Amino acid sequence: MLPITREILDIVDRALEEDLAFHDPTTACLVPPDQQGRAVVLAKAPGVLAGASVAGAVFSRMDPALTAQAVKQDGERLRPGDHILHIEGPASGILRAERTALNLIQRMSGIATLTSLYVKAVEGYPAHIVDTRKTAPGLRYLDKYAVRMGGGRNHRLNLADGILVKDNHIAALQARGVSLRETVERAVKLAPHTLKVEVEVETVEQAREALEGGAHILLLDNMNVEDMAEAVALAKGRAMTEASGGITLETVRAVAQTGVDIISVGALTHSVAALDISLDFQP
Amino acid sequence: MLPITREILDIVDRALEEDLAFHDPTTACLVPPDQQGRAVVLAKAPGVLAGASVAGAVFSRMDPALTAQAVKQDGERLRPGDHILHIEGPASGILRAERTALNLIQRMSGIATLTSLYVKAVEGYPAHIVDTRKTAPGLRYLDKYAVRMGGGRNHRLNLADGILVKDNHIAALQARGVSLRETVERAVKLAPHTLKVEVEVETVEQAREALEGGAHILLLDNMNVEDMAEAVALAKGRAMTEASGGITLETVRAVAQTGVDIISVGALTHSVAALDISLDFQP
Amino acid sequence: MLPITREILDIVDRALEEDLAFHDPTTACLVPPDQQGRAVVLAKAPGVLAGASVAGAVFSRMDPALTAQAVKQDGERLRPGDHILHIEGPASGILRAERTALNLIQRMSGIATLTSLYVKAVEGYPAHIVDTRKTAPGLRYLDKYAVRMGGGRNHRLNLADGILVKDNHIAALQARGVSLRETVERAVKLAPHTLKVEVEVETVEQAREALEGGAHILLLDNMNVEDMAEAVALAKGRAMTEASGGITLETVRAVAQTGVDIISVGALTHSVAALDISLDFQP
Amino acid sequence: MLPITREILDIVDRALEEDLAFHDPTTACLVPPDQQGRAVVLAKAPGVLAGASVAGAVFSRMDPALTAQAVKQDGERLRPGDHILHIEGPASGILRAERTALNLIQRMSGIATLTSLYVKAVEGYPAHIVDTRKTAPGLRYLDKYAVRMGGGRNHRLNLADGILVKDNHIAALQARGVSLRETVERAVKLAPHTLKVEVEVETVEQAREALEGGAHILLLDNMNVEDMAEAVALAKGRAMTEASGGITLETVRAVAQTGVDIISVGALTHSVAALDISLDFQP
Amino acid sequence: MLPITREILDIVDRALEEDLAFHDPTTACLVPPDQQGRAVVLAKAPGVLAGASVAGAVFSRMDPALTAQAVKQDGERLRPGDHILHIEGPASGILRAERTALNLIQRMSGIATLTSLYVKAVEGYPAHIVDTRKTAPGLRYLDKYAVRMGGGRNHRLNLADGILVKDNHIAALQARGVSLRETVERAVKLAPHTLKVEVEVETVEQAREALEGGAHILLLDNMNVEDMAEAVALAKGRAMTEASGGITLETVRAVAQTGVDIISVGALTHSVAALDISLDFQP
Amino acid sequence: MLPITREILDIVDRALEEDLAFHDPTTACLVPPDQQGRAVVLAKAPGVLAGASVAGAVFSRMDPALTAQAVKQDGERLRPGDHILHIEGPASGILRAERTALNLIQRMSGIATLTSLYVKAVEGYPAHIVDTRKTAPGLRYLDKYAVRMGGGRNHRLNLADGILVKDNHIAALQARGVSLRETVERAVKLAPHTLKVEVEVETVEQAREALEGGAHILLLDNMNVEDMAEAVALAKGRAMTEASGGITLETVRAVAQTGVDIISVGALTHSVAALDISLDFQP
């Protein structure tokens, strides 16, 4: 379960404020402050759970008198009807926090569920499914955690924890007369010594040049599987390989067959379908 | 175009910090601080644009020496290849801000595009397509703006700007022996006088009861179209009607045919597919 | 009692910081850190209490070892000498937090007390006394809560939770050739569907025009009571009516006699006299 | 005029956010984004101006395209009808920022006006009128600035910029067997060397004891004017004297006649009547 | 021990975030979340302790399941090997928080240790060793607290809690034809009445002039000890004296011999050597 | 020169607020708001400059009417008397911002100067001097930038941008029966693929084991130079080597002679002596 650090609380508090959740006139009109209640957060569709502790934190930030008991753990599979959280305490708080809590757990579980499909699709191959930095602004830590809960791994958390020489970097240096190989050599020489140098290539020829420059990882971008397999063979023993670019659930297994070490999928976090999870109030 | 207020800047700044965009070692190793460059943000898929000024703000927050010129306006249709923004200034800043800018404009345009499909699907009927509060935590203002750019309208911005008596409120009062009708009457009596009272109902019978209680708006939740049409007829001249619950692009036209005034679609913001937009660096 | 949410804590923390309350050299010079003490917060003048839990929170934010026990509840009447809070714990903390706690409870009780006078003045008439958005910047939630404790109701919490077409809006549209009636029609048509449309009018003629445009509420601004009564009669069964503008304790009853539904009084929050409440230290 | 520092901008921004001023549906429905306008902020009652630059900053924070031109300077007298600020730019921004700007300038000018009455009341005597720490939480800098604009001076900005041994400190030490004189000696010895030691006394006897202890300033609390005069005589050449406690416009001149150096008046900031200032939109 | 107020927590939280301490991949790879552990924070060099409660707070902010037990109190002498804190709880949290906790306690203890050397060097003389405002930006409260733990006292906490007429102020007024004496008189007359007026002088002649102007404190800047002694004699009974400017451990005793009341040493906080303190993990 | 990003502005603003720089009574008493002035920031001791743009930003944040012109660039050598910045504008702003600006530039230049001495000491050897995470809490970005200006390089910016298996990690795993070699293997297998795995070793034997486990970098901690040379020889062609632990200006050249690739020096940032830089006001 995700520890509820200050970072997570900031996200929760901002979300509650954005919703003016403490100033809900509907609940204020109808529900007496002393009415107690219980609620269950439950799955309405199959999937993989992520965000149970985050959703729980929404309730306790709304009202410290609310308690949230996790019935399922993040990373567990959900079937329709499965109970996820039991909430107990002032009814007004449950009603005010409901939407914010669901928004978080539905997105996170949506990411975990989609990730788990990609992971399952490459079963039997060594390739790891990883995310990208294509996350919802402000929610990166949650998005990346959800990927892990779905069985995936994380690529760079931010720009600072990896060197990734992308097409636009290469173009910027080419404009100054620096070849791809020289660009890679420069990165290897000047990069912080704790970081590997990953290089985006689009052709086998570029892969070769990047390897000569000393690249530690090749990012094979939008290659067809034949070229990819050739690049993987070329890199064997010299560099890791990562496949990227428009990979779908339909194509991911073929990509894994090329022997790449890593497959990165932007859609895991940039095109999320919320998992259907709801809250049933039990007065 | 969305004015870049402090609220928007906070989202932009948090996103840049989350990415440690000012501490990008790849660019630091490779691109001299004095190298200038240009870039074009362009569509790779058809859709509706939203977020051009927000994306532009990412570049100028990264480096005030960067200028972003909008070629397309929010709300305009995009065809693959269409230029959206022209960026000019220090190459390093363009490369550092790229991902954050794209994350924002891709999500926003994804929302606008999806919304426009729903709007088109109900063409000829009076129903307005509106969003819900099922937005990405921290991004509600952007999500709701994008819905407007797609031709939709906004439902409640937050809990405070409308009374919406939902199933869980009704359950909470029933547990205290208060009928639906009495619940609605109480809301009408106690609500802030500037707000209408909307009531969620699931059957024609409930619709009737809510109308008797004085509801200004009926939220017809998960009804089949026959019941919905009956509820709409019942409400005619007495209350507005809103359809909600699991409405898809396939079903929305049939829903509109019932004569409802408003159709709210959670998926517009909770299940967003990023629109494919990219940045081409032109050194 | 007001729940102490993050919003309230932010106000409390900012107030303590503004006072550099953790860096009080007087107390540091004189009071040993281990000295314990008790104090009572008590009324020195008659009035209505508001802010007891907020004042209590000041002490516990200053030092978690301080406990505050409420003897009176918000909304209760106070007579001189009445105990409100009992504080117990480190003497130094009590002395450092005293001023900040009193500043909050004195203002809030001042608002509640003034409101209660207006409410009493209209006793027997159906009119509700409501506040306005003329609150102390940064303290709106506290100001509006205090109004409720005094027996009043709240008008708009912010610009987003009600449509109020004011004189300046009408002027802006008139400059473009749009009549009052057309302006109101436009607002009714374009406003978020959960919000009523209130229109500020200064004459019976304008009231008539606004009603024709479909206004849900008439704000009768600075009208004499004869005109007001006529406008109320006109609106009967078609729209609510709200009286506003320079209403004082002397005139409010006459205003209520016109039959208006609502009387809004800016002075409740923009011209507050602190209620005399003090802290007695009991070593 | 008050410089618009980050502290001031924080107050302004918080006030605009509290009002959800960027999300004003009334203006959004009615006023086209490209409509330009002008407005004048003008006095409706006589008084002393404070807060013109702060009010101006509200408009430019709302929309950088808005310009505010000060016609009157802070500290100047106002007669009904006097123009204070001329605003120019997008009409929508003027309408959205109006209330927030007025809330600030009305409170500040109310403080300046009240202060000026006290200052005038003691004309001819050497006594300075000063404020207290009884300010609206979060607005201390503005409140204290307004006092200066009204011709007053400031007492402590916060707890850290002066030693003030109050009744509760004295009580805390007495409980440990320390006499008033010893308490004062201790403060003089241990206080930061840049701070004077002020001691609150309620009788002539206490005044004598505080002087013997080495007090630099006597705070004569709630004394009648005879005792006050005696204490002032006693302190002459040895310490400054400050009168405090329930001083009103009716009694302040008699207090000044005792020869005290300073008269502090809590009401200047804790019981403020907003000065009537309004905004006239001129499309 | 320093109470852990919101101000201190802000410093702690910012430091943990700056280190991305919640996203430590080394610990994530190696240490299972359920592994418990203990650790001891211990001295590796002799010195004076400061910051034990602050370091403890780092662990509990990292993970509320971590407890920190102080074995030594701030202000106590440390010998190599002395235990300072015992930490207990999840091993992962200990490892993630280690560096941040040590950064704080090492700096603070370094300041306390250096201060104690200056204090010891002037033993037998009445002079107090005080700090300056030359602190690490953002850490002033911690720096000044550490000085107190080393036996020193604090000079101004900020610009607002003392009048200090420095060389540059004097130069600014001289440029307008105002003499040093007149400058001092003006400060005495216009300063907030709770603050003393301290004047920086570099010669005996200036000291005389400042005294004539009514200075309460003379800051003897960069004077040789003969001049200093003469200035001290001159000020006797009229003003306090403070020595400042390039005073080192070698020269401080000679300075104290002149009879000055206060010796301020910028190096206490602007040139800090971290005290060697480390954390031993005990699985 | 360091770009002045929002991160840097936050540090500047916090420092100005901590100093209550906008509420400086000394300047308020003495310097008329309309007095203009100039000042020069200049070196009083030899060293290497860092922080010129940061110091400049302090002045413009204090008052936008102040301009700061850099005469020297960060990274340049300073001789006593060298001009660094020319400031121009309102005299009051210069005087209020002086201390905060100097605190920043003195610390940063102190770091750059010390770093340059280490860099010079290893001249002729391939070893790079790098910093550690032992920075002043809240100032890491400035501290690490200053190291670069002194000719050094940066080690990890935060815990997330490198795997560093330290003694305490090894101890934690040994307690579970995992050998050093297995620990390293586990890190290599599980670490984010963009990060190298660095392992802290204290003996040649441990170095061997870490290499067998697949370590990419060896951190040779507190080794004598003979062992270090042996470990370097062992690692040649298989892993980079970094020397660390108690390295001083006296010993660093001998360490470099062992052939290590990197020498990390905590003292660069944890034991900083401010470089003597002052501000001369020129009215």
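By letter and in written order, the chains are A, B, C, D, E and F; residue numbering begins at 1 in each of them.
In the analysis below, a contact is a pair of C-beta atoms (placed from the backbone, for glycine too) under 8 Å apart; a residue touches a chain by one contact, two chains touch by 3 or more.
No experiment lies behind these values; they were computed from the predicted model shown.
Novice: From chain A, what is the lowest number of touch steps before chain E is reached?
Specialist: Tracing touching chains, the least step count from chain A to chain E comes to 1.
Novice: Counting in whole Å, what is the centre-to-centre distance of chain B and chain E, each centre being its mean C-alpha position?
Specialist: About 52 Å, centre to centre.
Novice: Compute the distance, rounded to whole Å, between the mean C-alpha positions of chain B and chain F.
Specialist: 44
Novice: When the C-alpha atoms of chain D and chain E are each averaged to a single point, how far apart are the two points in Å?
Specialist: 33
Novice: Touching two or more other chains, which residues of chain B qualify?
Specialist: 20, 23, 141, 157-158, 160, 163-164, 192, 195
Novice: For this structure, enumerate the chain pairs that meet the touch criterion.
Specialist: A-B, A-C, A-E, A-F, B-C, B-D, B-F, C-D, C-E, D-E, D-F, E-F
Novice: Using the touch definition up top, name the residues of chain A that touch chain B in the complex.
Specialist: 11-12, 14-15, 18-21, 23-27, 29-31, 35, 37, 39, 91, 94-96, 98-100, 102-104, 106-107, 110, 133-141, 158-160, 163-169, 171-176, 183, 186-187, 190-192, 195, 266-267, 270-274, 279-283
Novice: Flag every residue of chain D that touches chain E in the complex, lowest number first.
Specialist: Per the stated touch rule, the residues are 128, 130, 153-158, 160-164, 192-196, 198, 217, 240, 242, 261-262.
Novice: Any idea which chain B residues touch chain D in the complex?
Specialist: 3, 5-7, 141, 157
Novice: What does chain B use to touch chain F in their complex?
Specialist: It comes out as residues 13, 16-17, 20, 22-23, 61, 63.
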